[in-house]
Amino acid sequence: MTYSYYPGCTLKTKAKDLDRYGRLSAEALGVTLEEIENWQCCGAVYPQASDEIATKLSAIRALDAAKGKGQKLLTLCSACHHVIKRVNHDMQTDDNLRLKANNYLKLDEPYLGEAEVVHYLEMLRDEVGFDNIKKAVKNPLKGVKIAAYYGCLLLRPSGVMAFDNPECPTIIEDFIKAIGATPVIYSQRNECCGGYISLEDKPQAQKRVDAIVKSAMDAGAEMIITACPLCMYNLDANATEHRLPVKYFTELLYQALGIEEEKEGA
Amino acid sequence: MPVNTEWKPKIVAFCCNWCSYAGADLAGSSRLAYPADVKIIRIPCSCRLNPLFILRAFQRGADGVILCGCHPGDCHYSTGNYYARRRMTLLFSMLNYLGIDSRRTRVEWVSAAEGAKFAATMNDFAKTITELGENVKLGDLRCKEN
Amino acid sequence: MSNNITTEDILRISGVDTRKCMFCGKCSGTCPAFDEMEYHPHQFVYMVQWGMIDKLMESKSIYKCLTCFACLERCPRNVQPAKLIEAVRQAVIRQQGMNHMTENDIPGLLEDKLPQQAIVSAMRKYKK
Amino acid sequence: MQKIGVFVCWCGSNIAATVDVKAVANAMRSEPGVVFSTDYQYMCSENGQNLIKDAIRDYKLDGIVVCSCSPRMHEATFRKTAMAAGLNPYMVEIANIREQCSWIHKDMPEGTEKAMVLARAAIAKVKKNAPLTAGTSPVTKRALVIGGGIAGIQTALDVADAGYEVDIVEKSPTIGGRMAQLDKTFPTLDCAACILTPKMVEANQHEKINLITYSELENVSGFVGNFTARIRKKARHVDEKKCTGCGVCTEKCPSRKGLNEFNMGLNTRGAIYIPFAQAIPNLAVIDTSNCIHFKTGKCGICEKNCSAGAIKFDQEDEIIERKYGAIVVATGFKPIDASYFDEYAYTQSKDVVTSLEFERLMNAAGPSKGVLVRPSDGEHPHDITFIQCVGSRCSHDATKGKEYCSKICCMYTAKHAMLVREKYPDVNVHVFYIDVRTPGKNFDEFYRRAVEQYDVDYIKGMVGKVTVEGKKLHVQGSSLLSNDQLHIYSDMVVLATAIEPDPTARSIGTMLTASMDTNDFFTEAHPKLRPVESPTAGIFLSGVCQGPKDIPETVAQAGAAASKVIGLLSKNELVGNPCVAHANELLCNGCSQCERVCPYGAITYVEKEVRGPEFRGVKRVAQVNEAVCQGCGACTVTCPSTAMDLKGFSNNQIIAEVDAICR
Amino acid sequence: MQRELIERLNALIGEGVGKRVLGWKRGEFFYDTEPAILAADQLDELVYDSFCGPNLSKYLIQEMPKLGEGEKIIALIKPCDSYSFNQLCTEHRINKDKVYVIGVGCKGKIDVDKIRARGITGITGIDVDGDALTVHTLYGDEQVNRKEVLLNKCLSCKGKEHRVFDEQIGESEETSTGDDRFDMVKKLEAMSAEERFAFWRGELSKCIRCNACRNVCPACSCVKCVFDNPNTGVQNKAAADDFEENLFHIIRAFHVAGRCTDCGECSRVCPQGIPLHLLNRKFISDIDELYGEYQAGEEVGQRHPVINYTQGDCEPSIVHERGSNA
């Protein structure tokens, strides 16, 4: 299966490794990611105001590109996923936006929300299957107690995101089990870390992060993994009283699949 | 289309006795106005509406015909509106095929509790028909061109 | 300060129907930024409905919302308070000279590891 | 030439204010065929009716048109009037110039003009009317009650006491329903079992009542007075005649996997079980999905231990087919699935329970023998939070929940809070509420007692989230009055979940062709005036199947439904609707298209000798069973030769109306 | 093949299978064939050649009451006619037990007007040899490709399979051009409402109400047609603006909707050349699109889509949503 791949700004700049881990792991699992040509930044925040059109266009362009190739659009960053999936939903349901955006974009054929947006984790779950990942793992992370941090953007609003049970998700825990580690359930895993306000209000972000990290630690976690580069940064940079290593899920996948060694060996 | 200031549309509304006629009564008792151009004919069930009646109405000068029945699944006779739905779909499609504007024919499911929907539907339909103007086509679609 | 922003403006920008609210307070019960806010999510609904827009526009509360969508997810009436807060924020920053944060503010905040997203999102949230 | 009379009603000022009734009456006088036309203030009054009767006699009218309110209001009245004057009642047509004219048009000329058109249409139709005589059908003097909860039991008892046979069909192995699961009842706090079980016993012993438990309705055909129901009596695998209900088998059964339904799955039971001590009938039943014998062919311990020899592994389902004159729906409710509201951690902690589960936890016959303990560890709770309106009062476009108020939650939550504080004064009790709704006799007094006498901590606001923090439940909610966000660490959280109709209701509604609302509650024939009848004749509604209700309301409605049933069953025969389909045998092609669309199976085909001017001989023709035909008209439209027509709504009548309106 | 057929019919009658045969006989001209009921001594009148286009199924209806207990009539049925035969069985108009069906082979029937349209006049006869058609005329012979002068209905041939038969005689050949039979329907649908209206007004204006379409139509078999029945309210003799005349074809199309096998006889017999089958095909194409592919007469006992439903059927508003061009 080949996906149109939307890496997003962070994974192309500050966090290039995360992108590389994601691509190589996908390849190892038999999934091809074709980066969308000339993609533009999605804006990282879904424009909630109903009169916002221009701020949604970059997402629509990416969606149209995937539609043109007849592929699903795959995202790796939760923020991109959230923005693009919600804009796509708007294009399916909001007549006003449909009309105005299509008038503006002047595409060969109007875009009406035909593309399907899939997060990397959903691809692992629904396309590859966690059982198959388990089989493909060469270096299981045995005994490592990992806390999955979902945050907000993957889960909410559940009516649009339809990602997992918004109040009691399991997908990242299933992922953790697949790579041989032990998931840790803790109460704050779907509470906000304050990533969006980390520039505006550092103390508030710190307060949020501390609550989350403490909750994970109390539950016995040795590490936190996320699917969002902003959360990853925030949980690390704004941790004050409590601190745990924070990793991106693709990094662990990459390690577990033993890709580096394979390359070196080859 | 020439605008005739004297012209008032003739709209025939066929209403099933159990849901939509009661819905129309509720619109009345709630004093929800809709144009006097709408005249209701009571039929026991939407499935009683013979396409002949619609053709007859158009041929006699009706400008719009609307059928209102119970919501699918709620038919008093359990399945009547399902048959009506197919018949009307096919008839409307045929009329459209003959060049009769599909906006002149409509089916709307109105329950006995939906007085407001009944009035809103009739207002909207009457507005559409008024905008479309006089329906002369079906009367003209005859065998002999005089 | 009179902003000439009306209830109707906020309702239009947000696409929210405040009349759907039954004032159960679940949004404020669930809000992770509650303690930081002067006006809480349910008050946004109430105050927008009753035209107390100026107070909201002048309040720091509009910058305290984390945009975590918890209120929107859990609201039993689908009122979507987060959209109201966003709309009030937009009403402020769309005014001349009212950008809450600009690129010039960034270098001072820039850290080594700061992801691109943090900057992009801040600009989108706080700047016209 | 026909002689038609037209009678224009003023309805006081209801019509006369926007329709010039005199002008209408005058205009109609010049319509062809009209020999008399007049107006009157209240045509439905005795004087008005006398006016009609006199005119019918004086002018030898053979058809009348009354321009008045909706035919749904007074058509029957004026038909009786006509009949009293010797005119066939079906020679009456109503022009609805109130609901469809005067009430919705403000402009007098416009209203008057439309009234004239409506009157002309009615005149055109009545000219094509034919005198009709209604057929009659006998009434089977037996009622079927679907559901054996308090609603069904009460209806059955009342109908049976009037001397009619009643069958109760109940899908579970015992009657008693939801009420049997309750501990105490508000607002009197008498124990549910104490008031319900005597009624269960009475129903069981009543010579006119036949309990068909562990059975499901499979099909219903027929019509009012003449229903035929097919009931599947599921195999209990226990001989009902031999089982003494001693319960030895239930104790010896080695399988302990089946969730105890009576205790809301809070504990388990044997694969052979008696639902609860006071079950009626007091018989064991085998849950084959958990029975070792049914799964492996081995075991058979119950069989060895049954001294009555009642175990019958090879017992099969039984089909009962029986005729009924009336059917009462009493299918009740269930609480919604709380796992949709996982922000309250229902699936994440055993200590988050629904109110019905809490009811079992408080009950002496419950899993903890009436000692309130935390389900997770059996410890005594010190702090309990109740959350109201879980899944009730949600917006239609919200992702989950019901739009309606479940009505009973405020009161049972007050009851729970009070009982906890009464029994365990050391326990802190908080109740998060949006509104406390107590419209009922002694209801608000009851709630105030919870607050004032029992110190229950009522907090106006909603809980946003419940999280599991170690052994505690972290309840994060808002207190709207203090404008605070509260963080309460409780030992248990009780969710007042919304109630919804029993999942079987939809399929039963379809079988009965009884209409339901979008929430799957049965619709009443009239929300105010006919609250216990379905619009489908012969179907009656009892209890929560029609909408949320507490016990006194349910019992009251059950009695009301019973009185309607008694009224129906007391008749020897029913006068049918004469507006039925009829096939013109000369025109009939015998093509069977009409037979296929008839929802009642009222059309059959016969080879028949037919004589007419153009045809003479044997041909295949359609025949309508007039007692079965309900007059929908589906058949008439399938008939290409218009052989099939509907009396009272004939092709000619409707076309005459069309022509009059489009004139 | 005609000779072989007559021999077989004689044998069948001899065996007592039936007394009479429904087939074709020569009409006024050699290219005219008409349905005929022939007794044993009339079999020499039977014709089966390239001009036997008429669909015979309908003529069995009137024969049914004439047949005694256990008696059968022998009917010659072409593959396309077998659909009409089945449809009439479904409607109990024909009793299959009373008919011995000989499925006669068909390689497509010829439209003499198409020969004439090539400027060939004074036609006196034809000879067929495969696809080579020799037309004898007063002015000498002309060679024509048989495939080019087939009846329109043969161009959308339903195939060489008989949907019903007791025995088969002769080879069949599918003559469908492979074009979509709904091409013209689609073309009309793609027009503007004004163009469509003009098209139909132009076509229907040609109608002289000769009733040929009705009389030939196997689905139009009512014991008394609504248009002949003064009590139906449909028939209404008010000259200029009369309901019947205005809407005859629409009503007729609706009456046969779901039952029409698309046999094409209506258009074949119309003396004014009105493409009446385009009305029927519109219903068929809508039915196929909205309710699933359906071919009337494929099997006996089918429940046709107009007297059927599913709970998830589309709403009538789909007509407008599909684009009315109005």
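Going by the order they are written in, the chains are A, B, C, D and E; count residues from 1 in each one.
The criterion applied here is as follows: a residue touches a chain if its C-beta (ideal position, glycine included) is under 8 Å from a C-beta of that chain, and two chains touch if they have at least 3 such contacts.
Not measured: the values here are computed from a predicted model.
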Seminar exercise, completed: Contacting subunit B as well as subunit E are chains D
For this session: Name, by label, each chain that touches both members of the pair subunit A and subunit E.
Result: D
For this session: Have a look at D-E versus A-D and report the one with more C-beta pairs in contact.
Result: D-E
Exercise. Taking each chain's centre as the mean of its CA atoms, which one is farthest from the centre of subunit A?
Worked result: E
For this session: Can you check how far apart subunit B and subunit C are, centre to centre, with Cα atoms defining each centre and the answer in Å?
Result: 47
Exercise. What whole-Å value do you get for the distance between subunit A and subunit B if each is reduced to the mean of its CA atoms?
Worked result: 52
Exercise. How many angstrom lie between the CA centroids of subunit B and subunit D, rounded to a whole number?
Worked result: 31
Exercise. Which residues belonging to subunit E are in contact with no fewer than two other chains?
Worked result: 233-234, 306-308
Exercise. Residues of subunit C touching 2+ other chains?
Worked result: 70, 73
Problem set entry | Contacts with two or more other chains, residues of subunit D listed in rising order | 343, 399, 597, 651, 655
Problem set entry | Interchain contacts (touch definition) - all pairs | A-C, A-D, B-D, B-E, C-D, D-E
Exercise. Hey, which residues of subunit E end up touching subunit B in the complex?
Worked result: 185, 188-189, 193-201, 204-209, 233-234, 240-241, 243, 245-248, 250-251, 253-254, 257, 279, 282-283, 286-287, 290-291, 305-311, 313-320, 324, 326
Seminar exercise, completed: Per the touch rule above, subunit B residues touching subunit D in the complex are 10, 12, 18, 21-22, 24-25, 27-29, 31-34, 36, 39-45, 47-53, 56-57, 60-62, 70, 74, 76-80, 83, 87, 119
For this session: Would you pull the subunit C residues touching subunit A in the complex into a rising list?
Result: 12-15, 32-33, 36, 63-64, 66-70, 72-73, 82-83, 86-87, 90, 100-101, 106, 109, 111, 113-122, 124-126
Exercise. Which bits of subunit D are touching subunit A when the two form their complex?
Worked result: 341-343, 345, 347-348, 399, 467-470, 474
Exercise. Which bits of subunit D are touching subunit B when the two form their complex?
Worked result: 70-72, 96, 98-101, 103-107, 110-111, 113-114, 117-118, 121, 510, 513, 515-516, 535-536, 579, 597, 599, 630-634, 636-637, 646, 649, 651, 654-655, 657-659, 661-663
